[in-house]
Amino acid sequence: MNEFWRLPENVSTFGGPIDSMFHLIAWITIVVFFGVELLLLWFLFRYRARPGRKATFTHGNSRLEIIWTAATAIMVVYLGIISRGLWLDIKDPARFPEPGLELIVRAKQFEWNTHYPGADGQLGTADDFVRRNQMSVPVDVPVRITLQSEDVIHSFYLPEFRLKQDAVPGMNIPAWFEATRTGEFTVGCAELCGLQHYRMKGTIRVLSAEEFSAWNAQQMAAAPAPGPLPGSASNAAGSPVVAAAGHAH
Amino acid sequence: MESQATNQAAGGSAAPHKSPPYMLIWLVLFVLTLAEVGVAFLSHIPKNILILILLALAVWKAALVAMYYMHLKFEPRKLWLLAISPLPLAVILVVIVLAEGW
Amino acid sequence: MSTAAAMHEVPAHGAHGHHEEIPFIRKYIFSTDHKIIGIQFLFMSLAFLLLGGLLAMAMRWQLAWPSNAEMPMPGGSLLPETMVNSGIMLPEFYNALVTMHGTIMVFFAIMPLLVGVWANYLIPLQIGAPDMAFPRLNMLSFWMAFTAGILMLASFGVTGGAANAGWTGYTPLSINDVYSGVKTGQQLWALSLTLLGFSSLVGSVNYITTLINMRAPGMTWFRLPLSTWALFITSVLILLAVPVLAGGLIMMFFDQTLGTNFFKPESGGQPLLWQHLFWFFGHPEVYILILPSMGFVSDVIANGSRKPIFGYYAMVWAIIGIGFIGWIVWGHHMFMSGMNPLLGGFFMITTLVIAVPSAIKTFNWMGTLWGGNIRFHAPNLYAISFVALFAIGGLSGIFLAAGPVDIPLHDTYFVVAHIHYVLVGRSLFGIFAAITFWYPKMFGRMMHEGLGKVHWLLTFIFFNTTFFPMHMIGSGGMMRRLYDPTQYPHIAQMQDTNVFITINALLLFAAQLIFAFNFIWSLFKGKKAGTNPWEANSVEWSAPSPPPHGNWGGVQPVVYRGPYEYSSPESEHDFLLQTQPPAGQPVPARH
Amino acid sequence: MERGPSSFGVYNMKLGMWVFLLSEVMFFTGLIGAYIILRFAQPDHFALPGQVLNVPLTALNTFFLICSSVTMVKAFAAIELGDQKGLQRWLLATAIIGMIFVGIQVVEYTVLSHEGFVPIADLYQAHGRQGGHEVLGGPLYGATFYTMTGFHGTHVSIGVACLWFTYFKARRGGYSAANFGGVENMGLYWHFVDLVWIILFTIVYLI
């Protein structure tokens, strides 16, 4: 099934339940689909027009109506209830796991800037450091992200993590994930955000705990110059639209 | 439009109505407006209750205009239902968007 | 609504005057006749459909061979260098194509094809009325839509090009040219849609009034054909949804031109407010775009199967149910927007519930085919494919309605596949069914049956080969509105699928030329049609083809039964016109 | 009589007017809804009632609009009885009061914009009626205020133009006790505009 749907590899903790639910719905719909289409084809063959025949004169059958209404209703309400539960587990901040790392991802045309807390472990202080279009996170640790945007709406999309969340200017939107294996994966933008929307991509590296602390220490040492504090940057100024007009071939 | 109203058309409801008390309604509207301004600026009612009172007064006035001046009170029931049909949608729009947590 | 088959005086203005010569301009250009206005809408929206298709072809070319000098865009040299430079499309033009393809198809092709054309043409004919309640408002409605279309087209020519913030016009990209690079184009977009909204609104007032007040004697609510029922609910949705969009568009226009800040976050505005206003309109809009097709297909399938529609009342209540549940599901377009997740849970359940009336309709169409005597004429082929494709479009909707599964699928090609199964597989197939079915009534000639079948077959095949693979590249993680998908490694490995889709899309487009040829050729050379070529039941088939001004030559039709009495034992034929008096009852005197 | 055989009990034009008013309800719902939402989202952008806006003047204007409603309905009552003189007199009164309403609104806008209360975000600097140095509220206040009251004012102005049309038609004897559809529909529109103002006055000026 993964081959057929071409789902990317899953590397996050909640990706598994999402994929199982995807497959559950896929199987339900495939069964319904073939049921309906085969029945349709059979009706078309069986009841094709033949001379001298008259169609059955009936206006319907209330019992049948009730049966198929109830059957559909039960199925969708069941799907609704299970999907609501999983949805809240992923998206409701009240149910987020205790984070091992908190980051701010601040989007602008056309880059993803990840703010790390720096030495004091506090975001929004002078020793924060910023990585442009590159994120590094530890494996097996819940990472909590606050999404912000400086200009227009972007959508933070990690295909392998089954994570997508819009970044809206003027809002702080929480999201989280927990990686299950190390490696390098894609960060993309899923909301049309301007001319270079198609190039607004980055990479996310999942490191082992030791690698991550080494990397973190190195970054803190290498980048003493503080990046602009989130929320302090002016919005309208310095947008790269003019520069963006000359695109790469 | 060449459309014309006949007496029959205007009085789709059962009996032709007496002229409603237009001037009395006007007086009530006037008094309610005074009351609104008075309550809003001269009283010391807590803000939340004040808002409810003001909204209630506004809805009362609007209902009077619709019922008497727009004759909904004297129209067929079907027209009355038609007229209030968008109100649930108005409530849905505002309530759900507010429930967003703003 | 108890209207017995009592005799009624004919309204005076239908009784005379339709043989006098009306000057050409008043008859065909500034006409107040609902049939001519319907035909005007038909020509206008078919032209826009062709244009929207061309825009899509240009997009598909870029997606298959992104910025590839080996594969220069055909016809690209005809376009100015600000759009296509030496055979390579610029990203600003690609974004404009994305936006204008969506806008033109939704607002200027499908919506007028469904409502502008058929509400105008069919409602008076199916309810037995001589014309609309307000013929002059009707004319106004068409000319406003026409002006809106011109404004939208004009935006291609202004500095900066056409709008490029997507057909949903998400703020602040759409209100700030610093971000999008387009100023005048976005303003024209907002203005044109406001004007079009006003046009649809005037139209709906007219349709609703006509339907409520002008039905023929005996035409009770539950004797209306399902087309008319669907058009009625659609008009109600337009009437109540479009003003909200208009309000939003006006605020957007003020933000763009005056410097207000409704949606500008830097001075306190709320970008999500636009999304709420847009989708509060936008989701009913989805049903505006599908309900009429459901109606046409019901009429055509009952006719093709020579059987009463299965579960007429269930069908009517399903239309009404879809119309009303449709108001409380708009949040599913905003699952990823940062909306309160608890609210997301609510919208998830309402969205899934809307599958119930849709399923009722599918099963009832199947029930109609069961036990029928099915004729495979071109309209019925389109209608049956509609039912087949309805299943796919509905089932893929379940993936998107379930919030957790929507997380990876939102804003990917899975959504693109879904909406095209809905808008092409359903709406457009319904439109093809309707055009071929009512063409003889409109123009007095049949469309060519053989060409119709060829067009149906090719469209059905290439439609599926174009859009079905989009589901997979969507679940594979390809985002929408990407100028160059090969930029991402996980998408680049699916590039052969993108090439496959493009080739099939080109073939799909080419197949539509058959329809265009058939449409024009049949206008002049088609077989002459009689009054009732499909042996159908509803009232319009008792009027001459094409019907004269006033529709029945001054005679008021009287209705005696429902519209689906096919193969009734009451009649020796397998059809029974609604206007046919019951056996033993004298035929009413005709004036 | 423009009414089909299976009718609703209401003639076409009146039914059409009601249906049109339903869409007007949704239009103003969009505007008022946006105002409520923005106000909850950004309470700092909105000043206390009476600080910036001139409530006594607007209360007077509200009174005028209510008066114009009663004159309008009197005109309708007159023609129902075939009283041509009464119809003309009351229509004239309604049109004039309507113009006074628009006039007062123009004065209000002029004064407010001189006090720095404007819809344009970059120029907003409302110092209020007392004229202090502090800027009261924020740009969303100006934007929503002018949009809502402006669209209402546009509706009133269109209504006034229609009232003059109706008045001159009445002078030519265009209506009678058997034919008063034009007056009735004029009234429906006018009362609806009044009704919207009642809501706007409370929500925008008093709360």
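Lettered A, B, C and D in written order, each chain numbered from 1.
Convention: a residue touches a chain if its C-beta (ideal position, glycine included) is under 8 Å from a C-beta of that chain, and two chains touch if they have at least 3 such contacts.
Being a predicted model, the structure only gives us computed values, none of them experimental.
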{"item": "Graph distance between subunit A and subunit B, where chains that touch are linked", "value": "2"}
{"item": "Inter-chain centre distance, subunit A versus subunit D - centres from mean C-alpha coordinates, in Å", "value": "47"}
{"item": "Subunit B and subunit C, separation of their C-alpha mean positions in angstrom", "value": "37"}
{"item": "Computed distance of Cα centres, subunit C from subunit A, in Å", "value": "31"}
{"item": "Touching two or more other chains - residues of subunit C", "value": "134, 240, 244, 269-270, 272-273, 276"}
{"item": "Subunit B: positions in contact with at least two other chains", "value": "1, 86, 89, 93, 97, 102"}
{"item": "Full enumeration of touching chain pairs", "value": "A-C, B-C, B-D, C-D"}
{"item": "Footprint of subunit D on subunit B - complex, ascending", "value": "1-10, 12-13, 19, 22-23, 25-26, 29-30, 33, 36-37, 40-41, 50-51, 54-55, 57-58, 61-62, 65-66, 68-70, 75-76, 78-79, 82-83, 85-87, 89-90, 93-94, 97-98, 102"}
{"item": "Contact set on subunit D toward subunit B in their complex", "value": "1-3, 8-15, 18-19, 21-22, 25-26, 29-30, 32-33, 36-37, 40-41, 49-50, 55-56, 59, 62-63, 66-67, 69-70, 72-74, 77, 80, 177-181, 184, 187-188, 191-192, 194-195, 198-199, 201-203, 206-207"}
{"item": "Contact footprint of subunit C on subunit A as seen in their complex", "value": "4-8, 14, 17-18, 21-22, 25-26, 28-29, 32-33, 36-37, 39-40, 43-44, 47-50, 53-61, 64-65, 68-69, 72-73, 76-77, 79-81, 83-84, 86-88, 90-93, 109, 147, 151-153, 155, 157, 159, 162-171, 173, 186, 188-199, 201, 234-236, 239, 241, 244-245, 247, 249"}
{"item": "Complex contacts: residues of subunit C adjacent to subunit D", "value": "1, 3, 8, 11, 129, 133-134, 201, 204-206, 208-209, 212-220, 239-248, 250-251, 254, 258-262, 264, 267-270, 273, 276-277, 556"}
{"item": "Subunit C-touching residues of subunit B, taken from the complex the two chains share", "value": "1, 86, 89, 92-93, 96-97, 99-102"}
